[in-house]
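After this come two complexes, each holding subunit A, first together with subunit B and then together with subunit C.
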Partner chain A sequence: MIRRSRGLGFAESTLRVFGFSVGSLLWSKRMLFLALLSAVPVVIALVARVAEARGTPLHLAGSETLVGTGLFGTMVWAAYVRFIVPVFGVFLGTGLIADEVEDRTIVYLFTRPIPRGSVLIGKYLAYLVCTTSVVLPSLMLTYFAIVPVSAVAASFPQLMLDFGIVVIGLATYGALFGLVGVVVRRSIVAGLVFVFGWEPIVLLLPGYLKRASVAFYVQSLVPHAVPRSDATFLPQLVVREIMAPASAVLWLCVVLAVCLALAVRTVGRRDYVLDQ
Partner chain B sequence: MTKNTRLFLWLAGGVIVLGVATGLVVSYSGSSALAGAVAKEPSELGFIPVDARLVAFVDVRAWMQSEFHQAWRGQPSGEQDADEVLGQLGLDLETEIDSVLVSAGGIPSGSGLGELLVLVRGRLDETRIEQQVVRESGGRPSEYQGRRLVQYIGPGQEETAVAFMEPGLLGLGSIRAIHQAIDLAEGGEALTANDEVMRLVGGVIGGHAWAVGRFGALANQVGLPQDTAGQLSSLDWGWFSASGRVTDALDGAIQVEAADAEGAANLRDVVQGFVALAKLQAGAMPGVTEIVNSVQLTTQGTAVSLSFAVPASAASLIGSLPSYPTAVPTTGSSGVSPTHPAQ
Partner chain C sequence: MCCRCGVVVSDATPVISADHVSKWYGQVSALNDVSARVPPGITGLLGPSGAGKSTFMKLMTGQLRPSTGAVRVLGEPANDNPGIYNRIGFCPEQDAFYETMTGFEWVSTLVGLHGLTPTAAREATERAIEAVGLTDVAGRKIGAYSRGMRQRVKLAQAIAHNPELLILDEPLAGMDPIGRRTTMEMVREWARAGHSVVLSSHMLHEVEAMTGNILLMNQGRILADGDVRQIRSLIDTHPHRVFIKARDPGALARRLLLDRDVISLRFDGDAVTIETARPDELYDWVTERAAEGDCGEIEELSSPDDNLQAVFNYLVKA
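For the complex of A and B:
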C-alpha cells in the first residue's frame, strides 16, 4: 500500500498509515493485556451488583454503602481516570514510534515518499480509535451493570460527560507519551514513573507543581465522580484542589497540541541510526 | 484494515451506540415510563382483602439506593419507626428488605382506617426471625391453617403476629389480619378481584412508592389543620391514588377522585389555598420555595391531580419544616385522631 503512495500529501499519507496501524495495534499482545485490564471494572461491577442483590452491598472503609451511581462515580474516578486511561497512554502511546525503532522497521516507513510527521499522526489516530473502542464499551457496560434503570434518566448526562473525560484523557496521555516515546530511550519506564510516581506525589503537594501533571487537569473535570462522604475517602482529600473545567479542558488541549507538534518536529528532524 | 479489525470496531461502536440509544430513550421517555411498562402488580395483593380501604407500597431498595436518600439520611422520618418495628424482628431495613406493602381496612377496627397488615418482602431467614421474636419479644409460636405464626406484644402494646405467607414474604399485623391473609392465601376473594382498585393500582404501579385508598379515610388519618379537615370531611370522597419516583429527586403525583365536579372544585380550592399559604411561609427558604414552585394542580372532570418535585438539595429541609398542631394517630391497629372522627 505504501509502495504505491508516491507523492502523497500529508492527509492522505496519514490515512494510509492509520489504515494499517489500526490492525497491528489492535491485535498486539500489549493491547490484549490492556483489554483484559479494562474488563476488570466490568467484572467488579457485576460482582457488586450480585453482592447488592444478595443484601451485602460494597462499603468503603468506614463509609456509606456503595451502590448505584455512587459506586459508578467511584469506579470512574479510581479505575478509569486514575488507572486505565494513563496505563493505556503509557503502554500504547510510547510505542507509536519507539516500537518501530525497536523492531528496526522504522527505516521502511521513513524511506517512503511520505512526510515523516504523517507516520506519527497516523499512528496516533490509530491509537485513539483502538483505545476508545476498548475503553468506552467497558465504561458503558460498567455503567449499565451498576446503575439501576430507575437512576439512568438522572445519571445518563453524567455518563456522556464521563465519555468525554475519558476520550480527552486518552488523547492527552497518548500525545504526551507519544512524545516521550520519540525522545526518551526507555520510554515505558519513564511513562510508568511519571504516572505512578510523579503524578501522585505532585497532586499531594500544595502550590503550582501539580499543574505539571495531566492528572490534575483530568481530575478537575470529574469532581462529580468522587464519593461525597467527606472524611473517609483519601483520594478525594488529596485532590480537593482543582481548577475550573473550562480551563482544565483548555490546558489539556494545549498539552495535547504541544506534545504532538514537538513529536512531529522531532520525528521529522531526527536521524534514526539503528544498532547492528 | 483486515476483516477482523473492522468487525471489532463495528462491535465496539455497536456497544457504544446501543448504550447511548438506551440511555437517551430512558432519559427522553422518563425512567418511570419504562419502569411502568415492565412493572407487574405485586403478588402481595393476593393476600389483601377485597374491601381494603388503603393499600400502600414502597420499593425499599430503590429508596435506599437513590441519591435522594443519601441526602435524606438522618432526617426525622418514618424510617426510624420502621427500624423500630423491624428491629423487633431482627431485620435490617437497609440490607434485608426489598419492598413493603401495607394495607388497611380489610377488618374494621371500630374507628380509623381499620386493622393494618404489613407484608415485607426480602431476603428473610424464617428460623432466625421466629427465634428473634420468641427470644426478644416473648413470642408464642402457634399454627393456623397449617402455617406457623408467632404472636407477641408489638411496639404499640398491641397483640401482634408474624407469619411467613410464602418464602421471602413476611406478614406482620394483628392476629385477625394475619388470619385473614392466610385464609386468602388458601383461596378467597382478594383485592385483585376489585376492578376499581386494580384500575388505580395499574396507573401507579411504575412508581417506587405508591398508594391507593379511600380519600376520606386517609384525610382523617393525616395531621391536617382543623379548618381544612372540617372542609374536607364535609365532602363525599371517592378514591385517591398517589405515586412517587425517587432518583436524585423525589417526584410525586397525587390524584383524588371526588364524587362530583363541585367536590373537585372545592378540593382544588382547598389545595390552592394550601399552596398559597406554603408560598407565603416559604419566604427566604430557597429549598422550600423550589418545592412549592414545582407544585402543579390540575382538575379534569371529578379528578384533582397534584404533582410536585423535591430536589435532593431540599431533602434536609423536609425534616425541619414546622408541623401543624393536630393530634396524629400512631401506626396502631385502630388509631384515630380525637379531632377527626372516622367517616
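For the complex of A and C:
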C-alpha cells in the first residue's frame, strides 16, 4: 500500500515537471530542426574564415570589409539577436502548454496534485536550459571560427557579455511566447507575425512604438559596433540610438515577469477542451 | 450489497455530488442542469456519444469549471483543489501518450508528480503495471504498444497512486475480449478493496458486467439513475449490432453462422459486423473463441452507438 504523501509545493512541482520536460524537449524533432538552424551561423563563420584566409574577405553591400570581431559583432546582431533567438522563442515558447494541449496529453498533468502554474514554469525552465544549451555552443563556435587567436584574449569578455544577451533574449522571448501559447490558438503564426512583421516595422518607426517590441530592448544591449559606412545599415543606426543597457535589462526583466505571471494565471483559470 | 461486484454500498457521503450543474461551450450546451449523487462502489455512466459523459467526467476531475452549479468529489470541491488529485485517479478517453517513453517511464513520471520519492514511485509503478498485466512489455516504448496495451497503461497511471476514487472514461474502448475481461475483473477487484469507481461507456453489457448501479445520460441530461435491469429490458427489444475485428474474419463468420442466433452479417475489410437479438450471449461466445483461439486472433470487439441511441430515442419519446 502506498503511503499517501502530502501535496507538492509550487517549487517542488516545478522541479519535477522540469525534470521530465528537459529530456523530452531536448530530443524532440522541433529542437533537432532548431539545432540545425543554429548551426547555420557556424557554417557562415567557417566560410568567412576560409574566404579571409584566401585573401577574399567578406564585404558589406558597400565597401567595408568584415573580418574578425567586426564580423562576429554583425553576426551576433543579425543572426542571433534578430533571428535565432526570436525563432527559438516562437517555436518552443508557444509550445510550452500548447503542444501538450494539441497532443491531448495535458490531461495527465492537470489531474495531478500540483498547481497548474508549476507545469508552465517547469516547462519554461526546461525551455531555457535546452535553448541555451543549443544556442550558446553555436555562438561560441561562431566566435572561435571568426575571431583570430591573437584577438581572443581581448575580446573574450565581450563573448561572455554576448552569452548574457542571448540568454536574456531567449528568456524574454520564451516568456512572451509562452503567454501567447496559452492565450492564442494559432500561436506560432501569431509569434512569427510579431517577430518578422511587427518588430522590424516598429523598430524603424520614430517615437515610442518600438518599445512595444522585445527586439528594441535586446538590441540595446548588443555592444558591438555596427558598420556605419553604408546606407543599408541605417536601420541599425536608428535602432541603436535608443536605450541605456541597464534600462533595457530592467525592461526585459519586467516583460519576462509580467508575461510569466499572466501565463501562470491564464493556465490556472482556463478550461482546456481537448478533441476526443 | 451489490449482487454483481460484492461491494458494500452504504448511504454514506456520496463520492461525487453535482448540484444543478450546467456546462456550455460557447453556444453549445454540453450539460444541462445536472444534479446527481454518486454513491460509493462502482457506478456506470451510460449514454451514447455526445450524451455529456466525458464533459461530466471532466467536471468531476476539475479539468473544466461548471458554467453554473457546483461539483464536489469525496466531499471536496472539484475545482481549484489540486490536493484532490491525490485521492482520485483519472483515465481519459483519448488515446494520447508521450510516445517516446516506455510504459514504465511514463507511469513512474506521472506518479512522481504525487510527491512520492523515486523509490516509492518505482514500486508504485511496478504494482500498477503488474495489476494491468503489462509487466512483460513495461520496458517497451508506448509508441510500439497495441491499442489494448495503450488502454491498460492508461489505467496503470490512474491506479498507481492508489486513489480512493477511480474515474474511467470509456476504459474498455478498443480492447480485445481478453483485455476487456481482465480489465473488468480489475475494476471489480478494485471496488472490492474498498475503493469507488465511476466509469463511462456506451455499451450496456460492459457496465452491467461490473455494476448494477448506473446513471443514464443523453443530450446533456441525466435521464435515469439506479438499477440497470430496467434499461436491460428495454435494450433487449432492439436488434444489437456488434463489430468484431479479427485476423481471420471468414472463419469467425462461418462459426457464427453455425453456432449463433445471427440476424445479419456484413464483412468490412478484416472486420465483421453482426446484428443479433442476443448480444450478451454473443459477447460471451466471442470471448470464449478469443480465449481458445479456434477462430484466429480476435483483435477488437465493439458496439456502435446506435443500439443504445435507439433505446434513448425510445425513452425520450416515452
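FYI, the second predicted complex is superposed on the first by the 258 of 276 C-alpha atoms of A that agree within 3 Å, B and C clash if a C-alpha of one lies under 4 Å from a C-alpha of the other, contacts with A are read in each partner's own complex, and residues count from 1 in each chain.
As a convention for this text, a contact is a pair of C-beta atoms (placed from the backbone, for glycine too) under 8 Å apart; a residue touches a chain by one contact, two chains touch by 3 or more.
What you are looking at is a predicted structure, and each value in this text was computed from that prediction instead of being measured.
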Partners on subunit A (subunit B, subunit C) - clash or fit: fit
Which of subunit B and subunit C A:Ser13 touches, first, second, both or neither: second
Partner chain in contact with A:Tyr108 - subunit B first, subunit C second, else both or neither: second
Partner chain in contact with A:Ile97 - subunit B first, subunit C second, else both or neither: neither
First (subunit B), second (subunit C), both or neither touched by A:Ala248: neither
Which of subunit B and subunit C A:Val149 touches, first, second, both or neither: first
Included angle at subunit A between vectors to subunit C and subunit B, based on C-alpha centres and rounded to the nearest 10 degrees: 150
Which of subunit B and subunit C A:Trp27 touches, first, second, both or neither: both
Partner chain(s) touched by A:Asp271 [first = subunit B, second = subunit C, both, neither]: second
Closest approach of subunit C to subunit B (Cα atoms, Å): 10
Overlap of the subunit B and subunit C footprints on subunit A, listed as residue numbers: 20, 27
Subunit C residues within the subunit A interface of the complex: 25, 54, 61-65, 80, 82-86, 88, 90, 92-94, 96-98, 100-101, 109-110, 112-116, 120, 124, 157, 161-162
In the complex, subunit B residues that touch subunit A: 1-2, 4-5, 8-9, 12-13, 15-16, 19-20, 22-24, 26-27, 30-31, 34-35, 62, 64-67, 70, 94-96, 122-123, 208, 245-249
Residues of subunit A touching subunit C in the complex: 1-8, 12-13, 16-17, 20, 24, 27, 103-105, 107-116, 268, 271-276
Interfacial residue positions of subunit A with respect to subunit B in the complex: 19-20, 22-23, 26-27, 54-57, 64-65, 67-70, 129, 133-134, 136-137, 140-141, 143-144, 148-157, 159-160, 228
